[in-house]
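Dropping a structure here in structure tokens format, bear with me for questions.
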Amino acid sequence: MNRIRTIQLGALVLLVALAACAAPTPQIIEKVVEKPVEKIVEKTVVAERTVVVQPTAVPGRDTLVVALARAPSGIDPADHSSREAETVIRNIYDGLVTRDHASGVHMEIAESVKWLDTKTMEIKLRKGVKFHDGSELKADDVIYSFERVFKTNAIEFPQPHTALRKGFLGPFGSADKKDDYTVVVNFTAPWPAGMQMLVHTQIVSKAYVTKVGTKGLIEKPLGTGPFKFVSAKTGFEEVMLERFADYYGGAPTLAPVGKACVSRAVFRVIPENSTRVAALLAGEVDIITEVPAELVGTLQKVPGIQVKTVPGTRPIWMEFNVAQAPFDNPKVRQALNHAVDKDLIIKKVYNGLAKPLAGPLMPANNMADPSLKPYAYDKAKALALLKEAGWAPDASGMLMKDGKPFAFVIDTIDSMRPIAEATATMLRDVGIDASVRVWEYNVVRPKLLARERQAYVGDWGDSTFDPVGHMEAKWHSLVTGSTYGRGNFSGYANKRVDELIKAGETENDPAKRKVLYYEAQKLIYDEAPAIFLILPEAIEAASARVQNWQPASDSRENLHDVCLK
Amino acid sequence: MKAVKILERMLATIPIMFGVAIIVFFFIRLTPGDPVDIMLGRSAAATQREIEQLRQQFHLDEPLHVQLGYFLGDVLRGNLGYSYIRNKPVVELLTERLPATIEMTIGALLISLIIALPIGILSAVRQNSLLDRVSMAGAFLGISMPGFWLGIILILFFAVRLQVLPAQGRLSYDVHLQEITGMYVLDSLLTGNWRALEDSLKHLLLPSITLGAGVAAIIARVLRSSMLEVLRSDYIKLARAKGASEWGVVMKHALRNALIPTVTVVGLQVGVLLGGNMIVETVFSWPGLGRLVVDAIFNRDFPLIQGAVMIYAITFVLTNLVVDILYTYLNPKITL
Amino acid sequence: MTAQTPARPARGWDYTLRIRLRLWQRALAELGYELWQRPFVLMGGVIVALFILAALFADQITIHNPTRGTLLLRFEPPAWEAEGNWKYPFGTDDQGRDLLTRIIYGTRVSLAVGLLSVAISVIVGTALGALAGYYRGWLDEILSRFADLLLAFPFLIFAIGVMAFLGPGFVNLIMALAFKGWVEFFRLVRGEVLAERTKEYVDGARVSGQSNLAIIASEILPNVIQSVFVLGTLRLGYMIIMEASLSFLGLGIQPPTPAWGSMVSSGRDYLLTAWWVSTFPGLAILILVVAINVFGEGLRDILDPRLKIE
Amino acid sequence: MTDTLLELKNLTTVFPTRRGLVHAVADVSLSLAHGELLGVVGESGCGKSVTMLSVLRLISAPGRIASGQILFQGRDVLKLSNREMRDIRGRDIAMVFQDPLTSLNPAFPVGEQIRESLRIHHIAHNHFAREKDRVLQLMTEVGISSPTDRYRDYPHQFSGGMQQRALIAIALACEPKILLADEPTTSLDVTIQAQIMDLMRRINDARGTAIVLVTHNLDLAAEFCQRIAVMYAGRIVEIGATDQVVESPQHPYTRGLLTCIPRIAAQRTRIEPIPGNVPDLANVPRGCAFADRCSLAQPICQQELVPFCEVAPGHKVRCLRVNDAGGAT
């Protein structure tokens, strides 16, 4: 036992020593604040570079190593479903358009994208964009890429199936070639979210994919992006890319334009948080993703390490089963919204690196209603509302109604456990006997959709910055077999909200769209099918050698302009 | 003669493997509810077609014995089903990751032997000395030390603080190695790639120590107690009476006999090493079976779990086959 | 043979029982003496006893709620650290819950899972082992083959496999552990019974007209019970480690119920900032298991030296 | 006595135990001449084996030789370095152990174990073929048939008698001057016993090897040895030429040993087994250790250590009642 203690102390001494060396280093956190897309994208940098010491300089190294928390599920641009895959794909493939670090959309392979009418889009392509095999990208490749994503059973490997990314093309109808550099896309309905959604579709080479097939494409991806694929190890545990010498330069409106800065980029999977941080400290990797909020303080004190955060795109709610007592009463749901101290959770659990949510959409969403304010933490109001609903505290302070206590189980997944437990604790403070149960997502999800559970703490990605992909999934009533309500775990069903969501999807006038979505948000906000909790920031860290690096809100980490000192 | 016996012993493992497959088959019967529902929970938009596909794979609509027949037939043909999460045949996933796990297991076994043999021998020879007491106390701790904890401490010390050993992975990104067996150390040797050899050994060291520590403790204890027993025996007295040096007595006469019970225990410990992989592979980002299984568990990837458990069991059975054969060479009395 | 039967009531059941009790008393006294001679073993026993007491009286000896904390008290360091507070001797966890309280309650889970899974293993293993060893034949053949098969699986991997399909939970955990745990008791008892059944006193009992089951229960089992007890003690530590490993992997006891394995696991992300969260539960596992092993091995040396090293 | 090869002077070997210090060998003096056949007789636990192990300094810790001298060819072996001691073991003084099965290393072929003796003492200059030839010769000599075939056999493939022969071969390998034979025939059946004893006698004849035969069987010693020492509770209680000891035993214990064995040759008037038990060696009575079991014991026997009394030239006995005892014969 002594041995353990000694090692333990050794580890502590070590950390203290590391910390001590860095005592005078000021805050080097950078925050990027986005504004709605209509405005000019601006960055507010809280603190620019401070003098830092390099951890371990491997001389003459021109390879950027990025540590991911999970392995990409596969790197076919049409057929993947993980953020890690998105990051890797983003560096090999370019899309017609891309997004900056916030939510602004910029032309990439496309020279211009124009709506001919509400359902027809004309895409003009840049000339001279080369695939990694040297062939030029033309209209046929774009059409082929769209069809690969959209057509039923277009992906033939391993068994014929429909691409996982189909949803991103919305009401896609057909794509026609006007000439080698012009494509016209016909949608079956207006598609206002089209531009934001287009960011997520990357272009593959028709000639290459028809030659090697999907299997070949996965084994050796080939795109037009800043890096070309070199090799991947077992299950994409390590993906190595190298600079594409004939790169056209990327989006002209996003500086710097030109070839990638580093000659090689490596993505390596390090799932354990502590190990990922250790690998950065040891100088084995240059950038790490998904830094636990607790470690921000520690890492900031380490010389030669920079920590950056951006507002994330995965808001967290606690959804009630509104079909079931006691949550069938909106007053109870509002009361619980008032009972949770979001600021304390942000301060303690997220180390200050999160924002409170005001309703169903994250603040950065282009259609988020800025007039909605987060439910205020107000115990008295919560108790008053609960009293109106018939719940009164007994002698021990526990809420009772008709002789029964207010007790329920909050389901959650492992990564959400801390916030779920914190929420439960706060609810217990107002006399509600809430307990937490941790599930695996795949197990609990069908139960939630079957309305078998009582409450669920979880998140839902909102990386398109548009309500589409989000509102219809979370807050539209469930329509089995469609994308509507696929993530509606509360069972919330409001006819008016459904109408508004549907109307918003096809309304092309941004102002009118706003009206629709603002009304929907207000309704959801008032009826509170969930406790609107928080939006955690994405935290990344890098060694000081890494320059010009910016975490991406939508996790589409672009290494194109990152340099190594 | 011996060869025939060994062959017999090898053949005897075949029914065991069959039994393993049957037990693994029944795993899916343990699931409360419909396994297909649980598996497809992941994609809400599970099409009828996907459901049908799954039902077909498991032959869930057939009677049990027919299902078993299909399953065994598939296993015999090397078809362990299809992983939903990874979109790949299970066999492919397992075979591409097995070498990494085997490499680490062998590394851990070697490390544990390197630690355990001298400690076990010395503490028996110097029974009740300070060395004996300290190393036996250490052994008790080593058995119950949580693997991930030791791993992180080792990373902090050797990778972060001293920066002499890597914290994660199997090979540095800038070292090129032509893969033949998938076991990097072996591949480096086969291709005469010394740089890769050094690099892969460095990467192997910390995980092996982490994984091997507990096993080293057990082996040291077993070796010590059997050494003590052997050292009391008459033939050791005789060896001394012959005038043999103490080194000769201990290393030749005693060790050889003390190894006999130890070898059996080492064989059993391989099971512990295989189980420990899951935790250590996660800590050190080692792309082996263990991590695959952990992922599979959280994703309810039943075919993958079945396949992995089966592969583990088969590896274990084969290891013990090797141990049995080794045993006959160590112990002349046993002819299998 | 029937002629023999009337003779039995004279040596009535209560008589045999009394004799047995007296023998047991003597054995216990001897055991106490032997333990007194081995301070380390005794200490191991005392530590195990303390853990058991802590588990039994967790409600009485703790002042905090094991599952309820407040974020305001998140990551209070252990009392002896700079900002420590003796109200939370080992500090608090990520939910601001007192770590010591949780560790004490965690003892319940560890011991309950350990004891119950060993108990089931003992009962099933002993019963089947006795039947197989006594009757031999096809029953023995089937059971032995099945036991051999289970031995082909490494323990943790088998338990993980079973748990992955069963789903996490207290009862499932015990079932998964006992599912493989009985094999060793089966093999032990079967071996002993095989050896015992040929002895004279068994023949004697058979001649005196006792039924087979009665012979197994009253004549053979008392002779193997010591070995079973020793093996059971040693397996207890192993089962506790298995429980912790499964909980660590998220397959065991579900939070917020405090279980050492899941406490260690959920604390590992904080190892760099709040080392105590996973270290103390880890130490608890370490100490209890070491104590059980020291005690168990001591018992083995005293009661049944034949069982040396599994 | 100029012929003395080995001489033990006041040898005392002790073992600390939880119950106190055990004097396994207490103040034993013995001498062995070149080519002599000496018997050391006593019940098990009387210290005879420990005496032999002491000669080779093979007492395992925590036991130790507390005092006395062991002179081999005039040199005190207790003062030799470990290295020098190892040179003596096996080469000058060899030992044959009681249980041949457990004394042979089960992990090595018998032939190799014989060869090891040669190798250790560089008898054949570490020349394998010469060593092997010598081993085969030794095996033939001790009566192991077809040695070439049996060279690679393991101990468990040998019968008990053959194992004992192999042990003797190991002991003889370096042509030692002294052979310490510790109960060499106890675990063997009668016919084999006779063969082994025969073999040892031939060795003594042919090579002039002095043999110390340690046995609990006084008759065996009587048949084989020239001189006999009787030990009881760590001490020699009677020593003398075989005829003296067997024909006119002076110590009641010796007589007890003789009467324990039904003999055909000498008709005994009564058979009296020795009553009582061997005393606890950790707690040996101050006086005569045998007093508690002795029918002739008197209070004085219990009080002080009984000195040797030379009843005839070379025939010494530790008994206060020598004369009375003599009358009992």
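Residue numbering begins at 1 within each chain, and the chains themselves are lettered A, B, C and D in the order written.
Just so it is clear, contacts are C-beta pairs under 8 Å (C-beta built on N, C-alpha and C of every residue); 3 or more make two chains touch, one makes a residue touch a chain.
Since this is a predicted model, take the numbers as computed values, not measurements.
Colleague: Which chains sit in contact with both members of the pair chain B and chain D?
Modeller: Both-contact set = empty.
Colleague: Would you mind pulling out the distance in Å between where the CA atoms of chain B average out and where those of chain C do?
Modeller: 26
Colleague: Let me have the rounded angstrom distance from the C-alpha centre of chain C over to the C-alpha centre of chain D, please.
Modeller: Inter-chain centre distance comes to 52 Å.
Colleague: State, to the nearest whole Å, the distance from the C-alpha centre of chain A to the C-alpha centre of chain D.
Modeller: For chain A versus chain D, the centre distance works out to 88 Å.
Colleague: How far is the middle of chain A from the middle of chain B, if each middle is the mean of its Cα atoms, in Å?
Modeller: Averaging C-alpha atoms per chain gives centres 38 Å apart.
Colleague: Which chain B residues sit where two or more other chains touch them?
Modeller: 141, 145, 148, 152, 298, 300
Colleague: Can you tell me which residues of chain A touch two or more of the remaining chains?
Modeller: 1, 4, 8, 11, 15, 272, 274, 443, in rising order.
Colleague: Which pairs of chains touch each other in this structure?
Modeller: Here the touching chain pairs work out to A-B, A-C, B-C, B-D.
Colleague: If we count contacts the way the header does, which residues on chain C are in touch with chain A in the complex?
Modeller: Going through chain C, the ones touching chain A are 67-72, 74, 94-96, 167, 250, 254-256, 266, 268-275, 279, 283, 286-287.
Colleague: For chain D, which residues count as touching chain B in their complex?
Modeller: Residues in contact with chain B: 53, 56, 58, 60, 82, 86-91, 94-95, 97-99, 102-109, 116-117, 120-121, 154, 156, 167, 170.
Colleague: Show which residues of chain A lie in contact with chain C when the two form their complex.
Modeller: Per the stated touch rule, the residues are 1, 4, 8, 11-12, 15, 272-274, 277, 292, 294-295, 297-298, 344-345, 348-349, 414, 417-418, 421-422, 424-425, 428-429, 435-438, 443.
Colleague: Under the definition above, what is the set of chain B residues touching chain A in their complex?
Modeller: Answer in residue numbers: 37-42, 44-45, 53, 82, 85-89, 93, 96-97, 100, 138, 141, 145, 148, 152-153, 155-157, 159-161, 163, 166-169, 173-174, 282-285, 287, 291-292, 298-300.
Colleague: Using the touch rule from the top, collect the residues of chain A that touch chain B in their complex.
Modeller: 1, 3-4, 7-8, 10-11, 14-15, 56, 61, 63, 65, 73-74, 158-159, 233-235, 237-238, 240, 264, 266, 268-272, 274-275, 278-279, 281-284, 440-446, 449, 481-483, 486-487
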